[in-house]
């Protein structure tokens, strides 16, 4: 594997990890809920995107629809479920979230929704491939890298330049305090779910197009991989999550390229998770 | 009943004890002793290191430096459960009852200290008539007999503080560490508590207590150790402490005088 | 008839699983979403000892219980460092890693699993159908008795104490690390026995039988029936295991039901349908008292 390919794979995989994990990080930062059902939102995004793409033939409409529906589902999950558990021990929303994930995923597998099959998502052609002096970026990767770049800039602006971003940061520091200084917490948290879930939906579409495949259980791996990312990233820090996404992608790419196959990479990720939880609970990149 | 220790060895001997949290020296080179049969008070302003010191003695924190001897035995570095089984009972400033258990079962949990280390704990049933009778005795003692069957987390806070004492007494302690047991009590409740503590001392239990309520500590204790910023500022009888200029300066600050009321 | 017996056998095995998780989570307060790993370890231990090492069922059954107990105590080590929701993540991780080992290490038969596991025999007479059900029921009764007895011993009191408050438990002389490991070991050992029975009932084991979703299923049985009680996990397991097996349209939605049960119970009746002070249990008790 050439250096160029390692770089490209790392950037692509890392972008995907980040888009999925950033929503989890934002939720964890404010509510301290490990929101496993986030992975189901990602699958819903992919499914809605594909359906709209088949209907209209437009990738952009598909992306927007996926983000809207996913965002909405995220808000519904918050207002309909987690909202009633904010004062409970953290274990309660976690168990609930696991249940929610299983419930949604099982329903998605039914024949009237996605069924147990893989569906093609042939939208790669929307983007051009780019040839640079040292190598070519295939069109699907151009898509992922540009759109992740756009998302990053947007996130940066929202977090640093808007009242909403400041409200999130305040709430992440101290929820009660933020509420008492006049921040409309409910609205801020709902918008937090809206944005995080919309990004997960976008990630679903991008992954679907990248692998040209959408299926009901595509959320399985991200459901726990995203936790590896946010634990590595120091729980609740967006920049930590960004760094951890690319670090994990790099480690996996290099490991796969050099050592090959010992255990599946997901088992390795989980071993890493267990050891980090035990010996560096503040995260690899946390203080 | 606790056997007599050598008269010359203090019951609790703290030597040059320090505990640092990063740059903060919560306890910084503290040495003092508690003799058998005493009631010793540990006072000091907020953040003086009183609770840290308690956590060090009971093993919930490991010292950064220094030693703690209990009946001549080094206990620094031992786990809290081992120290508890040696006969050091403690209460918590922020009460920690076993909330879903009955008040009586809370006390019974303390009575199991000798059997927990052995696999026999898996063989013997704890609701035996003798154990229950003893738990009831202890509850009677601290005035909680009427609440024996209530769920612990339904008690008001004042009674939960008493339950903490009852649970510690179930260990048959030689030394009892009381962390602000009088906090939030009315005058009458505090008087009752003081009477209970004197009664325990008369039955051979040595008491070391952290107290915020100055009047309570001055009335009850025979000896007082004043902590300030992790160090010992003064040590002596309540009278000596009340007239100690350093204490008045550093701790009692603006009010200037401590009145001792009978 | 044979079909009903088979469903009843499954229900007994899952009731044991639910009761064993109840010791860990209900008694000792250590929430685990990796219980299927212990189930799998017991099943694989028994399968390998009989198929590959040629043991007969009975010593393999006992060995499976012991092996799973020891491995369970070891896998409980993370609980000494991480608590609450992070412990849940760690136990999930353990489940995935254990399954990956079964799946990708050829020593354990890989994705093809282990087949040809014999039914137990007693005095040269093979236990099948109702007789195997009797064996599973006997093991369920044993597990019930152990659960009931444990809750009345000093050790059971120590487990409850550490569930309620770890610091206070230490302050009354309970070694919290030691009792956490005990809880993991006992819970795992009982689940290991269930795994052994499952392997010999089915005649084959595959890694996916012990996947993470099965852990969620066991947890939902405990939560549905009423965590911390004896009746709850048993009733939960019989309803949530037997119903999907018996009614085909329910079976199609098995996992959706497991998931939905968790969500609904957490929202509306966290103590379970038969937990103390639950709506249904209060009603039943009033009826009995009248």
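Quick notes on this one:
Going in written order, the chains are labelled A, B and C, and every chain counts its residues from 1.
In this text, a residue touches a chain if its C-beta (ideal position, glycine included) is under 8 Å from a C-beta of that chain, and two chains touch if they have at least 3 such contacts.
Note that the coordinates shown come from a computational prediction; the quantities given were computed from them, not determined experimentally.
If you sketch which chains touch which, the chains link end to end in a single open path, with no loop closing it.
When chain centres are set by their Cα atoms, the one at the greatest distance from chain B is A. Nearest to the overall CA centre, using the mean of each chain's CA atoms, is chain C. Remark: chain A and chain C have CA centroids separated by 32 Å (rounded to whole angstrom). With each centre defined as the average position of its C-alpha atoms, the distance from chain B to chain C rounds to 42 Å.
Chain geometry summary: the mean Cα position of chain A and that of chain B are 50 Å apart. On the side of chain B, the complex with chain C involves touching residues 58-60, 79-82, 84-85, 89-90, 92, 96-101, 105, 108-110, 112-117, 120-127, 167-168, 170-171. By the touch rule above, chain A contacts chain C in their complex via residues 34, 81, 84-85, 88-96, 98-107, 110, 224, 227, 231, 263-264, 266-267, 270-271, 273-274, 277-279, 281.
Residues 31, 33, 77-78, 81-82, 84-86, 88-90, 92-94, 96-97, 100-101, 103-104, 213, 216, 219-220, 223, 252-256, 258-263, 266-267, 270 of chain C are the ones touching chain A in the complex. Contact residues of chain C toward chain B in the complex are 149-150, 152-158, 160-161, 164-165, 167-176, 179.
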